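Here the chain labels run A, B and C in written order, and each chain numbers its own residues starting at 1.
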């Protein structure tokens, strides 16, 4: 089948106004932020999709998927385009990018029952703006909030900056609607809880477009007390000291919305104006006054208990000011793109993992040592560090952050720099029993380790794929390793 | 045609440490980068080599051995020979001692022209090109923004210099020392993945004072004509700014400061 | 009596003459004899400030003839035995000084910002590593102390008027004329911000007043640059955007007006030697790189500064040098 046939089939379902075949847009749709540098330099090695389509109803989504299923056309579900792990990258000649742009209605904000229902293409910011006016919030606040949309946030098991209090998106979704490749529309109803067999929400949440297309989402709402926010910051001696304080706060039952530890190098790029060459520990407590005061006291007690690791406190105004500038907008994304055209550098790469409390400090040290010793281009690294930014009762995450002077051709950048470092991080994490993918999703470039990530439980994932997408049309190469795509994984 | 290009790996300023006891900069742990103006010079030479393939290009660096990975990349980028002059006894060399080592090595080489950057990021004195030229008895021109002509047979180079007030064009007799100005658009060619692990050991020459044979009294701190007595490193951390308000007093202070630093005429 | 030789760059005569201040600081007003080498021009002006002025007998020897000039300096030193030789750190002074120092086997210290003596030994301070470090340096060996000084780093107090004795010297033979000027063109107006020694950069806080920044840039002989926010607001073209997503610059002076200094912006100016930051927010991150933080309104600051810089300079603000 050629691309024209694909377009003819699509034209039977959608009017021309909902089909985009503009060359620039198709080039842009060939890859996501994972290949941002190659994309900016116009050296992408992956094919553009045949078209980007914009369904307006669930029914149109169902007809598109069923058609693709019949004809073996690859489908990439897409909404806010902020994917960072190749989830939106295209590896097939015949691909339809199904964009939720026009599924953009806020269906209902139910203040009494504290839940809101939106279509997949609503940006989180648009929803939050509506909610904040009413003194409410979803509690979800990823850095991509101004751009990311609800469909994608749910499909990738997104997490936000306030997760330590509100949890990840999986803790927020009460129900949803999704469409399967055979055209079946499934609606999971919105109830406070159920014991109706396994929690089937989780088949859709985090499927990364490999099983179904999410069209509608209902999330929980919380009262919003931004005026009560309290910020606390400290300079500390090392990452391990900070992790001890995080654990102390968590196990004592406090739930600050933000609880982070930055390595010295990572601190330098965020807090160069106050970090003084040290690691940084910071918190934000939010909620009603009583909770905020108690949380603050709990944090201060934890810091006091581990004061051997403390260098000095930081003016909380500095933390608040930093936090206010943290999110990136579409402008930031466009700007980084422009910068990559002119300079042999980008804003860096990240790999996010998680593990239990006792493993995390060991993992951090192991990765640092191994990258410095084994990475052949270690002399090009301009920064290598990380931070912990999402804590749980049994452990926390580590966000490895690294950047380098790009001394190779733009088309070689990933395999010269990012891939070898990512490999070390993933291998070390799996060796110690952690998860290689804390919140960005597996995407395409960690698919070679999906089996290792899940071990014997991979059986469940595999069966899901076979059951719901027997023809393998959903987001080829994402989550599930494909030998055919291996050439991109070098 | 044979071009020698001086190339200095300089430490990333953010990672500098200073050994107060020995009064020398500890460069070993700092990440090294190629001095940007030297990289412009090398990129210019590589452009010439692409246009005139029988051009032979050798880079010469005086640096700690840790610079070797950076220098090996130069061979992968098309440099014919990469020379690293490295000797612990050279530690602490000032520009004079450095020029003397470089001159001693250059005396053993055949060349039509010596390329280099005008300034380095670290010391920033810009003294080596002219000192070296004097030691070798060659003409020198620095601050070159463009090389219009390089013709060893005619024995001259034509260069453009961005002077303070005018753009100048000079004919310089070869061999000569030509110092280039930083040009962000003239970059070293990219490394290719296929070349990354190419064995270039045959193209890398590492030599020390045993080969060059300078007298002990000419080496390092002893061979230097200037000596650092004291370093104020506080500036290495964040600066502590002078804090003013945008009032009359603040404006007067800024004006005076601008005069003091030479940005406005008093 | 100590002897101080100043090299006069004919393209920066006033700046060269002002280097007499070095002698005054080291030896006091009466403590030294002032010699000028004005081989390429400027001997007339030098004659009113120095005790002795050397001229080239055969006619002007231009500043780019570094090899010949170095020989002149060496020959003069043989004859007069200078204690100190000072060069303006101009483009040409920087080319002559190292050659002369190499001929004399004398230590040379570039871009000196302070001098003094201690136990009979002259020390000089100079910034290195983009101003992050200040080194105090001494010269060793028997030669004269040689140094270069950037224009206007030292301001001279009302110089004493003198009537110099002019001495015509022969230019020593050089092997061959190595450098020949073939063309001189005045500079075109449009310049790249990466090449400017002074940048006046505006951010979101002053986005409406970029014409004002142009005037300030002119007064400081620099160019206007902009933060990403100012570019986004349409106040400035992307070509003058500074930062990770714009251009990485390394000016001597960066005046940041209404720029808070997000880390991508700071990454673009890390090599600036001096930074003046003007911002209503005293905690703006730009302060971490600044030499001077002016807390207040950017527009008021620029207007006030322009009033001072553009006014006829009847009265000196300086003098304390």
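The rule is short, and it goes like this: a contact is a pair of C-beta atoms (placed from the backbone, for glycine too) under 8 Å apart; a residue touches a chain by one contact, two chains touch by 3 or more.
Source: prediction; values computed, not measured.
*Asks:* Considering only mean CA positions as chain centres, point out the chain farthest from chain B.
*Replies:* A
*Asks:* By number of C-beta pairs in contact, which chain pair leads?
*Replies:* Contact tally peaks for the chain pair B-C.
*Asks:* Using mean CA coordinates as chain centres, what's the gap between chain A and chain B in Å?
*Replies:* 44
*Asks:* In angstrom, rounded to a whole number, how far apart do the mean CA points of chain A and chain C lie?
*Replies:* The answer is 51 Å.
*Asks:* What is the distance, in whole Å, between the centres of chain B and chain C, each centre taken as the mean of its C-alpha atoms?
*Replies:* The computed centroid separation for chain B versus chain C comes out at 21 Å.
*Asks:* Could you say which residues in chain A touch two or more other chains, in rising order?
*Replies:* As it turns out, chain A has residues touching two or more other chains at 272-273.
*Asks:* Which residue numbers or ranges of chain B touch two or more of the other chains?
*Replies:* In chain B, residues 14, 238 touch at least two other chains, as defined above.
*Asks:* Please set out, as single numbers or ranges, the residues of chain C touching at least two other chains.
*Replies:* 247-248, 287-288
*Asks:* Touching chain C in the complex: which residues of chain A?
*Replies:* 269-270, 272-274, 315, 317-318, 321, 325, 331, 335-336, 338-339, 342-343, 345, 347
*Asks:* Once bound in the complex, which stretches of chain B touch chain A?
*Replies:* 12, 14, 31-33, 69-70, 73, 187-188, 190-193, 196-197, 237-238
*Asks:* Quick one: in the complex, what on chain C touches chain A?
*Replies:* Residues 228, 232, 238, 243-248, 260-264, 266, 281, 283, 285-288.
*Asks:* Per the contact definition, I'd like the list of chain C residues that touch chain B in the complex.
*Replies:* By the definition above, chain C touches chain B via 11-12, 64, 66-67, 70, 90-91, 94-99, 101-103, 105-111, 123, 127-141, 143, 150-153, 155, 175-188, 194-195, 198, 219-221, 247-248, 252-253, 270-271, 274-278, 282, 287-297, 300-301, 304-305, 308-309, 313, 316-321.
*Asks:* What residues of chain B sit close enough to touch chain C in their complex?
*Replies:* Per the stated touch rule, the residues are 13-14, 16, 18, 94-96, 99, 121-131, 133-135, 137-143, 158, 161-173, 176, 182, 184, 224-233, 235-236, 238-239, 241-248, 250-266.
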